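See below for the structure under consideration.
As written, the chain order gives the labels A, B and C, with residue 1 at the start of each chain.
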Amino acid sequence: MNQFITAVLTSLSTGAIYALMSIALVLVWRSTRVINFAQAGQAILTTYIGYEVVTRSGSYWIGLICAVISGALLGAGIDRFFMRPIFKRVNSGPIVMIAPVVATLALLGIIQAIIGFIWGLSYQTIEAPISTGGLTIFGSIVAFSPFNLMVLIAVTLSMISLTILFQKTNIGLALRASAYAPEIAKLSGIRVDAVRTLGWALAGAAGGLAGMLYIPGSNLYPNAMDVLLVFGFIAAVIGGLDSLFGAVAGAMILGFAVNFSASYISYKLVFPTAFLILIVVLLIKPKGVFSSGKSRSA
Amino acid sequence: MSLVVENLTIDHGAIRAISNVSFKVPEGQLAAIIGANGAGKTTLLRTLSGLKEAVSGGATWNGESILDKKPEDLARSGIMHVSDGKSVIAELSVKENLALTGLWRKDKKDVAAATAEVVELFPILGQRMAQTAGSLSGGERQMLAIGRSLIARPKLLLLDEPSLGLAPLIVEQIFQSIKDLVKRLNLTVVLVEQNAMGALKIANEGIVLSLGSVVAVDSAQTLLNDPAVRAAYLGF
Amino acid sequence: MLKLSAPRKRLFGFILLGWALLLISDRIDELRQYQGAFVAMYTLAIASIILLTGYSGQLSLGHSALMAVGAYAGALSVNNFKLHPVIALIMAALVAGIFGLLLGYAAARLSGPYLAGTTLALAVSLPTIANQFPVLGGEQGLAFDIGTAPTRLGEDFSQYQWFFWISCLSALIMIWFLVNLLNSRYGRQFRALRDNPTAAQLAGINIGRQKALAFSLSAGIAGLSGGLLVMLISGVSPSAFPLSLSFLLLAGAVVTGVYSLKGVIIGALVLVAIPEIAESVVSRIGGSEGFTTSLPGFMVSSLLILAVLFAPNGPGHLLHKKKHLKH
């Protein structure tokens, strides 16, 4: 029973972190139709920035805020000064299809290399602001800590705010319109380029938050978030790349599947399990479990 | 305030879609551009609304050049391009579609007033506010597209084949609405149509495009009675 | 004068190249022989990417996993099934090819980012399976010994030269085969897939099957290169096939020009040269451990971005453009 409760709770908290990454990926996908592989690099870089702030100021919370803000700025900067020129320059020939993907992959490599230059490759740590010891539930200690709970709450709040932003505000409408039909949005007077940069900023902020919530339970090194990228992407695909709600739901499904298989079968099969789920979803429900049924082509 | 197009040349990929086209549309007038498929009509409109670049030539509205501007800036300065029925965002609701042209406007009261006017003009939209635009019929979508453009209180309206794919009765309705709007709001309209008869009937002036060049410019009435035009485009 | 057809000319060219390599191998030192073998191996791997992405338009980030499949198949053939090393290499290609066929049918239904992400997940998850099954050697992996050169070649014939010969021969044969294939009707069909799938379908081409075939072929070639890699490092383990290998191959392909096999060797040379260049940079200007380890990755990524921005269709086209501008 204890094992079951532990598995459920850890699934919730890992699922929550996957959710942040998959939200970031979906945000960029919806606004630019690009899978931003550099997301992992952006997130880890902003986490390093957060780490520096935490180390110097002694406060996790200030570090967290700095990470989120720098994530937004970095995301906006990458769209404005990197992706836009690329889209402008590469607009003919078969390279058009793979250029953005290749560009984000290359950017990931560059960011990770720069991190290596500045901070080196050794493991760093960020101390969690609250206890990471197990909570006591029903008299026994469970592998779920107040920090895990905080992660869960933070992600839930983020998701709620993002949903409100998208569905109930003018900016959100502009974001959605620009993602669905950029030409019609332009003809309606919406500054689609600026809106898209905002989408990237939001994604960057989500990534920064993900990093600061993930690293305290793990170690900080340049490739620390590569795994999250893979899982975040799988989660986004499971949920249907066009839906924020799907991103979160997919992340939860993945979190549960991965944790339960690790707990009950073997921790070595974490990746193959994730891959299996991905293949199954893509073969059976290619539109994603929760998508609105739009076509899958890029 | 008039639209002046001078020696406009536009390429579409490797093809010269428009060659040296010139025409003028005075304020408050409706000009119909007719021609067969592939004559370059859509390319022309897309260049006037900033979606495409011209190779050479000029186009001015109100004395100012419109060729080097971005589509969103042109839209904000009163030039609205309504492409055919695909011009609504299917995933958004009718209400949200209508709101698109008001998002950037500061005078929210006027946006509300304009929206109310559009609903009065096309009552069916009022009934379908919460539905997704994708669930509307072809005619309703066209009304939605036109209505949305009107909320921005445009001065120049570029309409691209509003009758495409619509039933004759609906087409009548829409053409009549366009004619009324021109009169009531003193709009300047460039109406591109394959439905030459319907377009010429409501237009002041007609421009006939063939393979990218202007082959005839005259008052709509004259063109309607011209035997060559009748044979080529009006079917009798 | 003999009137040679294009295929005959090609064959002649390859034989000539092979003979030149043979001569070169005698004149270079062991380090260069070893590096040369790596170049040949990378050439094959990059060619597999060019086939899949450049010709049939499917982007794969999973080729490190495909190489791993071939590598393990080769190692198992020699260790467990006691097959001759050359047969082992063939098995590497075959097993990877079959795996690629299955994967290809699934992949055929996926487009763009979905395919990229799925292959990414494959690259990350496949090597870890080795940890689960003891027969695959777990984390330490399996050993692989291609054996020494036949005594006929003399006592001075180094192991590295033997590696060089085997790699180059495999690469030459495979690339010659590939070039002929791509110049045939199959090549045109693949390109149709990439450029205009609808038209291709209307022309009667079975999209799903063609895509799967391209994938299978690409996987087979990658598998062979995996087998070669295993030979060169005398063993196979999960850590020899990280995700970054996939990225490296993609980078090599884009830098050379992913849409044509011409100049594929350049990409391989770049990949092998960069670590050396990085080393000499570090020895000259010094740097921390972090700098040293990260520099090669930085160089590859920067090169890739420059390639995308300035020579998206390969450096060959860039020269072409310049020529045209001059006139």
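Quick note on the criterion: a residue touches a chain if its C-beta (ideal position, glycine included) is under 8 Å from a C-beta of that chain, and two chains touch if they have at least 3 such contacts.
Going by UniProt, the chains are B = Unannotated protein.
Not measured: the values here are computed from a predicted model.
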Among line, ring, star, complete and other, the chain touch graph is line
Work out per-chain C-alpha centres and flag the one nearest the whole-protein C-alpha centre.
A
Which chain's C-alpha centroid is most distant from that of chain A?
B
Rounded to the nearest Å, the gap between Cα centres of chain A and chain B (Unannotated protein) is 42
I'd like the Å distance between the centres of chain B (Unannotated protein) and chain C, where a centre is the mean of that chain's Cα atoms.
54
Taking the mean of the CA coordinates per chain, how far is chain A from chain C in Å?
32
Residues touching two or more other chains, restricted to chain C: which are they?
none
Chain B (Unannotated protein) - residues contacting chain A, complex:
49-51, 70-72, 75-76, 80-83, 87-92, 96, 99-101, 103-104, 148, 152
Please name which positions on chain C make contact with chain A in the complex.
53-54, 57, 59, 61, 106, 109-114, 116-118, 120-122, 124-126, 128-129, 131-132, 194-195, 243, 247, 250-251, 254, 258-259, 288-291, 293-295, 297-298, 300-302, 304-305, 308-309, 312-313
Given the complex, residues on chain A that touch chain C span 29, 34-35, 85-86, 89-90, 93-95, 97-99, 101-103, 105-110, 112-122, 222, 226-227, 230, 233-234, 237, 241, 266, 268-272, 274-275, 278-279, 282-283, 286, 296-298
Within the complex, which stretch of chain A touches chain B (Unannotated protein)?
170, 173-174, 176-177, 180-181, 183-192, 292, 294
